[in-house]
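Lettered A, B, C and D in written order, each chain numbered from 1.
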């Protein structure tokens, strides 16, 4: 973690704080005729969470990643359980943990919880760092990898 | 406005503060292959702005409106200019003003501005209060109307 | 299968034809700044496939199910692999098979293939029949179950 | 129209056939908690109509336009009336006419009609041909312009 200590701005998340969390409001446009979240919309919430994690938790926004560095971080696998429906107007807690850090890939656990703290959605996903033009997997840059490691979780 | 003075919680917006404003982040999922916002997504931003205005500016969330009161506030007309494209990662300023307050309808002006303060999107829209089950227009409740009036703008 | 023979209109799919298939065009609005399908959009394609299967393959549209019968068929689990990216303008082959038919639930395998016949997306999902108002699982009606069985696959 | 006669493949649309039409199914994911189309979704239908018009009516797909020619056709203005709500499962008729053909721009009228032939949505929109990299308007290529002219409408 010595390396990480040299990185600016995100050290508050290092070490002990291993969960990246945000809040998500269930919008009118997220809900279906049954009045609950239309499940493809949950994946936009998950992608937004990953986007926020990169920008705020890892210090590299999708904009920087895609436009300046020519890299992408596509999701190649996602397994998802929709435990309980979510309703219009609810504010969900979204949490992200790193399960496994590979050479070019990172496995994440995501949880969306209701106002009562109970599970709404649980997902495990695998992202792979890609060189966008060459369309091949590339090793996650060391500085980014070190920051990701701070969100590693035993669970 | 005497009536409005009796309403709780939202009087900070009454009178002088006639613009309801929020911020909107341009997400990866909002952008098209040209790297700019896919225009149907702007309308979700506009709808989210109206939703936030109802909940935070008028004190009646879409949830309360739809589920408890059986009312809806559908958009029946919207004229929109896309002045300049918006890019991934930009934070837009979203502003809402009341242009005209009818019996069952309210006309709004919405503006999305870039980080430089310049226009990105300008829209004028008309919403109509509807009884959801009977599918007919109904007069906007007086308390709600009074709160809407606080956002009326000369412009 | 004697029971199924008595059902009207869908017998062309009975028995030997165990794959429900449609085609999906990759739209401009489905693609992200990297020019490939934004993965939450794949889940809309999957949901549309299930919707078409119910209407055309099983003879009970979502409209009939939701509005006339008060039933829903929410997805409670979906495991998905994004094998190869899909690009703007491609026409994908979407295929659905029944993996397992429970009391209130049905497990499906979905495959989206590219113009070359290779996998783009593979998903296995579990749907549960719900009584919408009471929000509880209910047994899949026998007629519907018999029709679902025609799409059962050994694979 | 002599010029147009020389263009391959799309002459069936030339002259008399001045309306480009497709059909759109109202999907579960298009509908909101009130059971009707969530209006931002209508704009995806409009964009899909324009996309189909380019590919099938004009003989230049968005894929060819964007990826091979480096051109885009963004919508810069759209005025829309939502006349009557559309419901889950309805099949809408989508129609497109050319109102005005400028140097770099084309003005279109779009109509979505219900199964009864009545208006659901009416929109007039302006598209501008852009050079994607240079982000500036460019003259619509003559061959494309000639094909567009075949959809010009007096109305």
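We adopt the following convention: contacts are C-beta pairs under 8 Å (C-beta built on N, C-alpha and C of every residue); 3 or more make two chains touch, one makes a residue touch a chain.
Small disclaimer: the values here were computed from a predicted structure and weren't measured.
Peer 1: Using only Cα atoms to place each chain's centre, name the chain farthest from chain B.
Peer 2: Looking at centroid distances, C is the chain farthest away.
Peer 1: Over half of interface residue numbers shared between chain B and chain C means same, under half means different, so which is it?
Peer 2: Same, since most residue numbers here occur in both copies.
Peer 1: When the CA atoms of chain A are placed over those of chain B, what is the turn angle between 0 and 180 degrees, to the nearest 5?
Peer 2: Resulting rotation angle: about 180 degrees.
Peer 1: With centres defined as the mean C-alpha position, give me the chain A-chain C separation in Å.
Peer 2: About 28 Å, centre to centre.
Peer 1: Please report how many Å separate the Cα centroid of chain B from that of chain C, as a whole number.
Peer 2: Comparing mean C-alpha positions, chain C is 37 Å from chain B.
Peer 1: Which residues of chain A are in contact with two or more other chains?
Peer 2: 28-29, 33-35, 38, 40, 44, 47, 66, 88
Peer 1: How would one label the connectivity among the chains shown: line, ring, star, complete, or other?
Peer 2: Shape of the chain contacts: complete, all pairs touching.
Peer 1: Would you pull the chain B residues touching chain C in the complex into a rising list?
Peer 2: Going by the criterion above, the answer is residues 28-29, 31-35, 38, 40, 88.
Peer 1: Can you name the residues of chain B that touch chain A in the complex?
Peer 2: So the residues of chain B in touch with chain A come to 27-29, 35, 44, 47-48, 51, 55, 61-64, 66-67, 87-89.
Peer 1: Mind listing the chain B positions that touch chain D in their complex?
Peer 2: 33-34, 36, 38-41, 43-44, 47, 66, 72, 74-82, 85, 132, 135
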